[in-house]
Every structure is written in C-alpha cells, then in structure tokens.
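Both of the next two complexes hold subunit A, though its partner changes from subunit B to subunit C.
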Partner chain A sequence: MKHYTRYPGNFLIYLFLPFLFTLLIFGMGRFVGGGDAALNFAARTGTTNIIVYEILGSAVWMTSWVVVEDVGVALRDEQMKGTLEQNFLAPVNRFTLLVGMSLTDIVITTGIFFIVVGATLAITLPSSLLSLIPAFLILLVGLIPLFGIGFLFAGFVIRFKEPYIFIQTVNLLFATLTGTYYPVTFLPYWAQFVSGVLPQTYVIDEMRQIILANQTLVNLYGSVFVLLALALAYPILGYGIFKRIEKRAGVTGEFSKY
Partner chain B sequence: MKPVEVQLLSKAFETKEGPLLRKTPRTLVAVDKISFSVSKGEIFGLLGPNGAGKTTTIKMLCTLITPSSGDAFVNGFSVMSDQQKVRENLGVMLTGERTLYWKLTGRENLEYFAALYHMEPAYSRKRIEELLGLVGLKERESTFVENYSTGMRIRLSFAKALLNEAPVLLFDEPTSSLDPQSSRLIRDIIRELKEKGHAIILTTHNMEEADLLSDRVAIVDHGKIVTLGPPAELKEKVKSNDIIEIEAKNLSDRVTEALESFSEVSKVAVSSADSAEEKGLLRVHAEKGKEVLPRILEFLVRKQTVITKVSFIEPTLEDVFIAETGRSLRD
Partner chain C sequence: MGSSSELRREQVSLVNSQNTNSTAKLLAEFRAAFLKDLRSYIRQPAWVLGELVSTPLWFFFFALGVTLFAPTTPAAPGESGISFFLLGFVFIVLFGTSIWGIGQTVRNEQTAGTLEQFFLAPASRITLIVGRWARIFLTDSVIIGYTTLLLYLFGGGLVTLLDPGLFLMGLGLYELGLIGFGLFVAGLTMQIKSYNTVSNLIFFGYMILTGALFPITVIPTPFRYVCMAIPFTYFIDLMRHAALATPTILPETLEYVVAIVLAISMLAVGMVMFNKVERDARSGGSIATS
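Up next, the complex of A and B:
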C-alpha cells in the first residue's frame, strides 16, 4: 500500500479517464451523428441517458484494464525493479504473490469506480442511486474472471517480456467487443461469439440493465449465472497456463532476464 | 543429513544465437555435475571467475532456477520437489543493490519481506530493530532506499537475508561494491553467524575473502569444481613451486606463452594490474624460482617488457586456481 501511494499519478488518471472517454464518445455522437443522433441512440440502446450509459461502459472498461494490466504486469514490474527474485525466494505461493502485488491498486481503482459512477448518478439520475449497490456487486463478481485473464498475461509477460504490446492491444479489443460504448448486438456474428465469452460483456450489460432499466439481479439470473461460470473458469484456466509458463521459466532462467 | 547436500547438480541452458531468422540453437553448460555438502557451523566458499557457474549454483539451491539434472537438499528438502520447504529454510542475499524497493524506507523494506516470510508482527519488529542495528542502518531506517548509498543498500540486502534466521544462508558476492569498512563489518557478521551454527555458502571472486572466511573452498571453473578443501590445504598443494609475481608493461600473450616453455616453469598466468597504466601482473609458478628468475627477467627485457616490480610471494587461492586451470582468477 505504501509503495503504491508513493506513485500517486495513477489514481488521478483513473478518476478522470472514464469522464474523458465518455466526453469523446458523446462529442462524436453529437458532432458527427447529426440531429438524429440522440434519437438513434435511444432506439438502439433502449435509454435516453447517454451519459450514464457511456460512463458505465467507460468505468467498467477502465477497471477491467487496470485489473488485467496490474495482474499481468505485476511480475514484469518487479522484474524491472529487480525485486522479482527476492519475492520468489520467500515461502509464498505464486498465486498469493500475483494477487497480492496488484491488489492495492485494484481495490483503489474499484473504489474510484464507485465514486465516478456514484457521482454521475447523483447528478444525472438520482432516482437510481440505490441501484448502484447491486451494480457494484456485479462489478466485484466480474473482477474474478479478470484476474484469470491477468494470470494468463502474467505468463505471457514472463515468456515474451514486452507486456504493454499484449495488454494494450487486448484491452483495446475488449473495448470494441464487450459493448463498452454500443450494444454488442450490432457486432458481426463472429464478434458476438467472442463477446459472449468475455466477462466484461456481462458486467456492462447487467449494470446498465440494473441502473437504467430498473432490473433486479433475480430478473437477470441467466446472465448472472454465465458471469459466475466465467468467474470460475477464467482463474482456473489462466492460473493453469501461468504455472506452466512459470515452470518453464525456472528451466530457462527467465526470472532474472530483462 | 547435513544442512546442504548437493548431488551431481547440473544446469544447461538452451540458447539461440545469431542474426534473426538464422539463429542456431546452442547448449550452454553453466554447472556440470557438481557435488558438495555443507555442515552446521561451516562457511563454504564457492570461488571462481565471473561466469564460472557460482551464481547459477546458488540460484538452483534457492529454487530460482530448475536444475537440468541431479538434486540438492536444504535441511533435507529437495530443490526439485520441496521448493516451498527449501525457501523456508533459506536466507538468501543475491548480488546487486536493486533487490530492494527504492520507494520504501529501509525499515519498510524489511517489514515487507518479514511479512512474506510469515513472521509474527511483534517478533518481526524486534528482529528488524536488531538487524538495522547490526548492519549500522538504525539512524537511516526511515530514509527511502533510493537515497541510500550503494554500500547501505547492500548492507540492507544483507540484513534482509538474515530476517527469518534460516539455518542455511546463501550469500552471493556479499561484499562486492562495499568499502573496506563495510566489508569488514559484513565479514564479522558472517563469522558470528557461523558461530551460531548456521551453514553458510558464500560465492565470491575475491580470493582474499574466500581465504579469510571459508572453512572449505570449492574452486569452480566452467561449471565444474576443479578442487575442494580447506584454504590452507589447497595452498599447501602448490607450495612445491616458488611463486614469482612480476608487474610489468607491454606484456603480450606471445611473451607469456614463451615463458611456459622454460623447463622450470610449470604455470604462467597474467592479469591486469592497473588498467589505467596498462600494467600486467604476471604470476609464474616455477621450480627453483631463484635460479630461473634472472633468465626470466632477461627474457622479458629482451622482449621489451618494462618491469616495474618483482617479488616472491606466498601462495594464495589465486595460485591454486592457476595451478588447476592455467589461468588467472582475474582474467
């Protein structure tokens, strides 16, 4: 915690990024979409509240970015600092290290999500403020499969170094495929298939349903069930692959290589 | 079983070399079937030049690198199958100052690692207090490590290795980059740890340090142990020859090779004495050194070598290394 707070710039950017992304999308719709943009938006998304719709997508995307990047890059960060081997010398299992190294940042980012979305709702849709609680629960469940994706990246990063190429590319793909700024139903069929296996798709959709369409978790049980299944599958798969790559790294002596 | 048992431990790295698309696979044997053991209360030195395989051996012992074959046991636990238990029984100091968190203070670094070793908070506070005093960092405990000098960082790294009071301690070049005063402090602490019964493995390319501290030394070259024993015994073996040390300028490989053809000379090794002045240090192992010395000097003068100093010296571990490998440790 102390170590993270000594690099405070990260937290400030997390606070403003969702608003900046939303403004970008809002501006594009307003200035490029023309006079009917708002009407078209309502027809296609089922809501007239563009700001809340987009801020939810942006905030989930940002949180997802942080989790995948933090877990994925945590080891590389330690490797660059020179402290990775020191951590690996301790009698602590790798799972605890991977989660522990990124947890502080993730807790803070999730807290920032709560503030960003809460503030937006308080200003634009105060009647839905209470629905923030079930929506936040969905986000917390949605973090679990993201850890799995992070583990997978942690493995790739040990093997191929250069973490940011992988992670930034995939995070941008996530924004395209998970309905961050538009409904996934407008994507081509094959892309919808990919969306269907990405946890963020369900998190974003369920949160919008809860906040903008007054749905309850019970009404959304089918989608919640899929999210829970992904929350189980991704960590098992991601950690399994990470362990294989990590074992190989012990053979090749990758840990001390930059 | 002794605290450390190393049995035919080997490590080969598969690498690819050459330009992109034309890389050829190559196997680099870093450690080649080495075996040794370390008893309780013993300091065991691994001495050898850079690249000899000392650090790879240490990294295999502390589970950072998986051996290609063989096995090693730390307090009875195998590095191949009981890695977590091995780590619990080890205190390790790896080379370099970037083994700490620079944005944390000295105390915070120790607190972090104490937590990783599952140390009780009350006990770890007491232990950290003790260690900061031991390595002379008590007054700077609240300073960020980024503001420490290199020597202070190395002392803190050394203290980190002692946190969990492990029965087996591995120190990889513990005094490299330290000033003489700090080096002496670290050596004194290592001796105290030996008295307390810790089994200690020390890697160094500093022969004086290996000689001063080690109960037994294994001289390592190209991944193999070329000789092993107490320093005094090893030096005794090379005493049958006189050892002449000649400091000179304009030493060439051809000159040193020619010296080896002298019938009385058994080994010649050259190392750099003063790189700024381009001086070389020639070590000649010779029978009846006093008789052959005038001929050696005459030969060197004839080859336009500028001799600045000549002395007969007592054998050191460097001479053991030269006798075994034909090269200087400082090559």
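Up next, the complex of A and C:
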C-alpha cells in the first residue's frame, strides 16, 4: 500500500487505461462501422450500451494486471535487492507470505472497480448502480483464482527472473482470451477451450449479465459454481507449482539476482 | 597552475570527445553500437520470445474488438479495414521504439549502473543511441513482417501498398522524426528519472491523437486541432495516403513540405536537447542511478 501511496502515478495509470482502451476501440469501431457501428455492435453482443460493455471488460483486465504484476514484481524486487533469501528464511509460512503480498491487491482492485465502473455507470446507466454490489461480489470471488495464478507466476519469476516481459505477455493473453472487448465466441474453438479455464472469462461475462441484462447471481448459478471451483483449484495448483520451483531453486541456487 | 588546468581540460575533452569527424569513424561507431545492442538483446531469450508473442497479440486483440462494429455482411479480404489497422499497428510499433527503445536506453544504462561507462566510451553519444535504434528497427521489421504473414494466413488478405516509393519516403521521414523525438525523450529520462508514467501517457496520447488507429476526422473539431499540432500526424497521414490512397489532411504538395520540415526540425531539436541535458548532467553531477 505504501508503494501505491508513494507512487500514485501507478494507480492513476490503472484508472486511466480502461477508459483509454475503451475510447480506442470505440473510435476504431466507429470508423469501421460508420453510421451503423452501434447497430452492428448490438447485433453481436445483445446490448447497445457499448461503453459499459467495454469498460467492464477493461476493468476486469486491469484487476488481473494488478494481481499478476504485483506478485511477480514484488518477488523480483526482493531478488534484486538481495532480500528474497531473508524473507524466505523468516519463520513464516510461504503461503502466508504470498497471501500477504496479495492482500494489498484487494484494496487496489476494489478502488479500480468502484472508480472506473462506478463512474461509468453513474454517468451512462445510473439505473444500474445497485447492480454494482453483486458485480463486486463476483469480482471478489474472481480474485481468489487470480491470486493462485499470481503464485504460479511468482514461481516463474524466481525461475526465469524476467517478470516484465512475462507480465506483458500473460496479461495480453488474458485480455485476448477472456473476452475483454468481445464475446469469447468470437475466438476459434481451441482458444474458447482455453478461455473456459480462465477465471476472468466468467467474471467479465457474469458482470455483463448482471449489469447489462439485469440477471441475478441466482440466475447465473452455473457459471458462479465454475468460478468457485476455479477459486479452489488455482490457489492449490499455483502454490503447488511455486513450492516445487522453490524447492528446486534451493538446490540449484536460483534465488540469486541473475 | 594554468598549464595543469589546461591539461585537465584537454583530458576531459579527450575522454568525452565526440570524435565523429570522418564518415568512416562514424560508421564504425554506429556498427559497434548496433552490434553491442544486438548482442545484449539476443542474450535475453525471454525478452525476444515475449516481444515476438506480445507485439502481434496487441494487434489481434484490438482487431477482434473492432470487428464487433464492422458490417454484419462479411467484407472481401483486404476491404475490411485490416490494411488500415495493420498500418496503424506498424506506426505504433515504430513509435514504441522511440519511447521505450531510444528513450529508455539512458534509463536502462542508468539503473544498470553502466551509464558512466557508456558515456566515457570515445564515441558520440548520439551514434550510440542511433545504433540502438537500428537494432530495434531491425527487430520491429521482423515482428511487423511475420504479423503481416500471420494475418494473411488467418485470411486477412494481403496488405495494400499502392505507392511503395512514396511510402518509403514517408517512412524515412517518420524515422527521422522518431530518432529526434527519441533523443528528446532520452534527455527527458535523464532529467526526470521516474519516467514510466510519462512515457505511458505520451504513448497513449499518441495512439489517440495522431490518427494512427483511426482517421483524425473521427475526432470532434476542437480536439482535431490538437491532433493537427502533433508532427507525427503528418507522417502517418502521408504514409497512409501512399499505402491506401486516403485523402491527405493538407493539400498533398504542402503535406510533403510540412513532413520534410518537421522531420528535420525534430531531429535537430532532439540532438540539441539531448546534448544540452547531457552537458548539464555532467556538470551538475546528476548522471546517477536515482
């Protein structure tokens, strides 16, 4: 949290990017579709509210960006400062350490969600403001598997020591595969299969259903159940792989900077 | 005392000399800088792989988003605006070179603690930076080439390039402008150090305001004047005109003149600014990591 308060620019970028990407997509879309752009969009997505549709995708993308980047970069920073070993030698469970590093992200992502999505709804769709609450609950559940992905990523950072390019590539893959700006049905079948195991796919889709189609969490029980299953599977998988990499790093001496 | 301080001055001038009197020496420096950067790039396979995957991914990700707005009746390959976006992608990739390639060189060397060694080399700083530009231009060209090929393989059709000569001229001017802007940004980096937020804002501002991804005619009038005050708008417009025969913002001949003048001016301003910042940093002792 101290890092974010000391460098507010980092947080502002996360608030600014969803609007920027939405604006870019909207501008390009208007150019491509001309006068019928909104109609074409509605025919494919079932909603005429382009801004809210795109902002929801953007906001979820940013939250996953924050989680993946924070966990990965935090470990790399410790590695560069030479303090990673001290952290790992402290009599604290690794799981607690990793969860502690991730807890800040709940505050940051909550801020992103309420500022970006809240402001957009307040301006463009004030009648749906109350649906922010169930949408936020979905986001919170969706954060759990994301932390699991973060643990996995933390292992990769220890092993490969290149967090930045990994972060960019992984986040772009997430954005492309989870339907950030389009329904996942636009993707080839093999890519839809990969989308199906990514938690953000469900978070984005459920949020759109809740806010734009007035669905309730009860109506969406099927995908909520899948999300809960992912919330259980990813942390176990992520932590398991992290521990394996950590064990190997202890043997091969890969905790070092370079 | 006089002769001692004179000797010291000469020593300092020798150490920091920018001996680029002969073209051969300049080319040798340029070649060495290019090879140095290529070697250090190849030494980081994760970066190479990541760049090769992530750069085209940006293009496909945006292109898929935009297809939601396209007419529901499918267009013939090449008529779907794909050429327009691919060109936009090319402009953006090359612009990234300026910001994160040339501009960030100084910061990278600074954080690695090698900036002083870099500056102590008996070569022109600008040649060293331009050598890095050449390496990035090479890798960008590879990425652009295979993205175009992938697009073709996925059924996006061949990219239109109606007047290759004019396009290459536009590209040359754009690159001159980019090197100038990159040098300007490198100077800025040396001064402000915490630079990521600024570079991101510049980059995203560029994407919206220069017509790289959509024509500036889509932008409402008062903001359009801002677009027209940005030099890159004209390079982009000229290249797009050469590739797709789109109408130019200014009368065609005037646009050539404006683009040439802007390219030369940007290069000159970038070099002057970079040299000045470097001189100030050396005398003020601010060539430090943080």
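As a convention for this text, the second predicted complex is superposed on the first by the 253 of 258 C-alpha atoms of A that agree within 3 Å, B and C clash if a C-alpha of one lies under 4 Å from a C-alpha of the other, contacts with A are read in each partner's own complex, and residues count from 1 in each chain.
We adopt the following convention: a residue touches a chain if its C-beta (ideal position, glycine included) is under 8 Å from a C-beta of that chain, and two chains touch if they have at least 3 such contacts.
Values in this document were obtained by computation on a predicted structure and should not be read as measured data.
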item	value
Superposed partners subunit B and subunit C on subunit A - clash or fit	fit
Touched partner set for A:Ala90, first subunit B, second subunit C, both or neither	first
Partner chain(s) touched by A:Thr48 [first = subunit B, second = subunit C, both, neither]	neither
Which of subunit B and subunit C A:Gly250 touches, first, second, both or neither	first
Touching partner for A:Lys81 - first (subunit B), second (subunit C), both, neither	first
Subunit B versus subunit C as contact partner of A:Phe186, first or second or both or neither	second
Contacts of A:Thr124 with subunit B and subunit C, given as first, second, both or neither	neither
Dominant contact partner of subunit A by residue count, subunit C or subunit B	C
Partner chain in contact with A:Leu20 - subunit B first, subunit C second, else both or neither	second
Following superposition on chain A: angle at subunit A, subunit B versus subunit C, Cα, nearest 10°	80
Which superposed partner A:Asn214 touches (first subunit B, second subunit C, both, neither)	neither
Closest Cα approach, subunit C to subunit B, once both complexes are overlaid on chain A (Å)	9
Touching both subunit B and subunit C, residues of subunit A	7
Complex contacts: residues of subunit A adjacent to subunit B	2-3, 6-7, 81-83, 85-93, 247, 250-253, 255-256
Contact set on subunit C toward subunit A in their complex	44, 46-47, 49-51, 53-54, 57-58, 60-62, 64-72, 80-81, 84-85, 194, 196-197, 200, 204, 207-208, 213-215, 218-219
Contacting residues of subunit A [partner subunit C, same complex]	7, 9-10, 12-13, 16-17, 20, 23-25, 27-33, 36-38, 40-41, 43-45, 54, 160, 162, 165-166, 168-169, 172-173, 175-176, 180-182, 186-187
Interface residues, subunit B side, partner subunit A - complex	13-14, 56, 59, 62-66, 68, 84-85, 87-88, 90, 92, 94, 96, 98-104, 108, 113, 116-118, 160
